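Take this structure, written in structure tokens, and hold onto it; I'll ask about it next.
The first chain written gets the first letter, and so on, giving A, B and C; residue counts start at 1 in each chain.
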């Protein structure tokens, strides 16, 4: 590959990824999608800050009862979200509890990307029988209820953060595979890939320098849409008592623990749920907004 | 017209043929997860500190000491004869337990939830599209996003709290009130069986117990329908045939209801097909939340009680149901929309 | 009195980039049992005009001016009156018959629905009998009424659309590119059919097309549109033998002639309808443009009896007609 092509690729990267993806976010004027993305982004940032600085934000040790705390104290200035049977401060536990969902979903998305994307790229690029078999397998897995798959896998793998992340990743691999493969198929037909072939680029070069950079465009949208789902799945697994070791602060587990005292102390189940809802809504807003912005751009480019 | 029927028949046939490899793939995938992937089922069942001899005995009992291919063949035989072994905790036949007691409960819940999801989602989606960008549209879309973000169990607890404990309108768990005997087993669906035997009070009690779980699961699923109906209807409202109908001086109400709305409803069956996985996953959480003894409840219970054969049986039945249901939906779809077959 | 008089009609769309002046001050008349051809390139506002005449524009459009049908300005009337006008007095058939019929409804349901919306007292059997007769007169078997749209060919669908348009024997039929998506043989059949029903039903027709051949075959009078305006209007003979506007000449030059067998095209592109040029909209492409053309806009003036043109240099050019006709623009294109 010569200089010109490298420059062309740089140009495409700059132009299509940076400008097309993020340009509309900064453009002036009324743009609902961009506003959605920003709102979602700030809520997400809020949660990341909480998770990182949990030791400084949480007033009490989440793993010990708050000193002198009564059991089932309702929310007050001292215990903003109340206390449970043993006098644990729920607020501190919820703050610390933001770590596991964020870590697990980030890890699981990374795992499914690492597997799903290259397989999708290669499958779409090679085509033929291998492609058809892979599509069939992935579609079949995708048809199966993801949560049930994750439940069974976590039950077999045993507790642990990595194990949960792997279980969730398996559920989402077909999603990444499908999207990347379909996009590869359409990019493959495009003129500049043809020209790359004409100047004698090898298959590997075609994939890495021509196809992959373009296919990657769809991934941010996919990730943000998928992240909301991953958070919900992680919380569901913890709610069912799977995966995350007992006593670890985690939103799903707090809801499950609190549900036993629903009448006496409704706050115990209520507050962790609000945090889940907020984070999932934030991620959905980012996903939906990016989708609205990026999809027409990608479509427009494909029609050029 | 005979030709049309013929093409439907060949479509159904090809759909059935397609279902077989899909079922094989899922079944194999389940086998892979349960036997080949890291994680020892016996250790998972007995816990890390169980005596070694104990583990070996169980391994033998479950056929886990056989060579892998033999295990796979035994497993396939199990699946296709639906002889799923017996429960490690109760000793009951897994297949009988699932098909007689647990699956009908799940079926009942999913049917009623789907009714709620459609009943809420379709009208709201329609209103949002007709009132595009007005207040009603914004509120409905927000509702759609938030409802989809709710953890099902949390939403269930909040509804229990409100309607069960504070208002006392609905029961918070179970399929029937204590003291009421289940209707004689015909289909396993309490509402249908009680109606078939003419037992109205049992029917009402079963319906009363179904209310909160179905509303919980149905409302959460309605978000997807709101969204799709809205988008579809925005498209059909701008379609050429709607414009042509307006040019013919057709009443605006008829334009919306007859042309835009009916055409927007066509893909609903397709969405239902895609929602099946979500429906059954949601049912697992709903059943756990409401102690509603369906397959999801059984699955979680068996995992907690380390009943390996029961877990495997439940997953196999899930696979069969999913393939069966999505096949049926595809066929219904082809029947409704003649264009699919062309 | 003319059947339909359009006075100073303006249709502006609001878009994110600004106001699109799709139709900008259009004035014309159409007499009873006359066929008026409206020609122009795609995007010149022809189709918007067609929809504007029935006031079925999308909400983003703003319409002003007068549309006087049978002595009444329909733009001043309330919605219900307008709705009745549509199809009863003015019917519209479209470019793409593939997508204009509801895919979930049989052909007969389209008829029944139309009756229901306009004449509730007509019984179903009566409506179906009328529909059957109309199907016969457009050359379709009444059995076709029981078909779904996707079971028909493009030509059959357009015939069905025409039958549907004739239900209430309208005085005016607006046909927006009725044959564009059809192949040549079907096109000829449909045009023949339109001529036949025009006589049978004593209708006027507004035929909107980019195809001069169709206009030559069908129209009594011709209006030429460019960038949202009518630039020339006159009888078929006037327009084809003595075109006055340079754009009309260009259009006529674009037709493949038997002698040269090559397509002569006009240089340049139609202007952006958001920011049209200040003076004459054709000036940037016009081989005869002088300074005045760039600064002020010519209005549509009667040059010869029954033949109007919007061009400052029309009279001047009329005298040079013999020299300039047809050859001039080709030269410029070289």
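Rule of thumb we're sticking to: contacts are C-beta pairs under 8 Å (C-beta built on N, C-alpha and C of every residue); 3 or more make two chains touch, one makes a residue touch a chain.
On a predicted model such as this, the values are computed, not experimentally measured, just so you know.
Peer 1: Spell out the chains that contact chain A while also contacting chain B.
Peer 2: Touches both chain A and chain B: nothing.
Peer 1: If you average the Cα atoms per chain, which one ends up farthest from chain B?
Peer 2: Following the centroid criterion, the farthest chain would be C.
Peer 1: CA centre of chain A versus CA centre of chain B: separation in Å?
Peer 2: Each chain's C-alpha centroid was found; their separation is 24 Å.
Peer 1: For chain B and chain C, let me know how many angstrom lie between their CA-based centres, rounded off.
Peer 2: One centre to the other, that is 54 Å.
Peer 1: Could you give the separation in Å between the centres of chain A and chain C, each centre being the mean of its C-alpha atoms?
Peer 2: Measuring from centre to centre gives 54 Å for this pair.
Peer 1: Mind listing the chain C positions that touch chain B in their complex?
Peer 2: 51, 54, 56, 58, 83-88, 91-92, 94, 96, 99-105, 113-114, 116-118, 148, 150, 161, 164
Peer 1: Considering only the defined contacts, which chain B positions touch chain A in the complex?
Peer 2: Spelled out, the residues of chain B in touch with chain A are 21-22, 25-26, 29-30, 33-34, 37-39, 41, 43-44, 145-146, 148-155, 157-158, 160-161, 165, 276-278, 280-281, 284-285, 288-289, 296, 299-300, 303-304, 311, 315, 318-319, 322-323, 326.
Peer 1: Give every residue of chain B touching chain C within the complex, in rising order.
Peer 2: 238-241, 243-252, 254, 258-259, 262-263, 266, 338-339, 342
Peer 1: Once bound in the complex, which stretches of chain A touch chain B?
Peer 2: That would be residues 136-137, 139-149, 151-153, 155-158, 228, 232, 235-236, 239-242, 252, 255-256, 259, 262-263, 266, 269-270, 272-273, 276-277, 280-281, 284-285, 288 of chain A.
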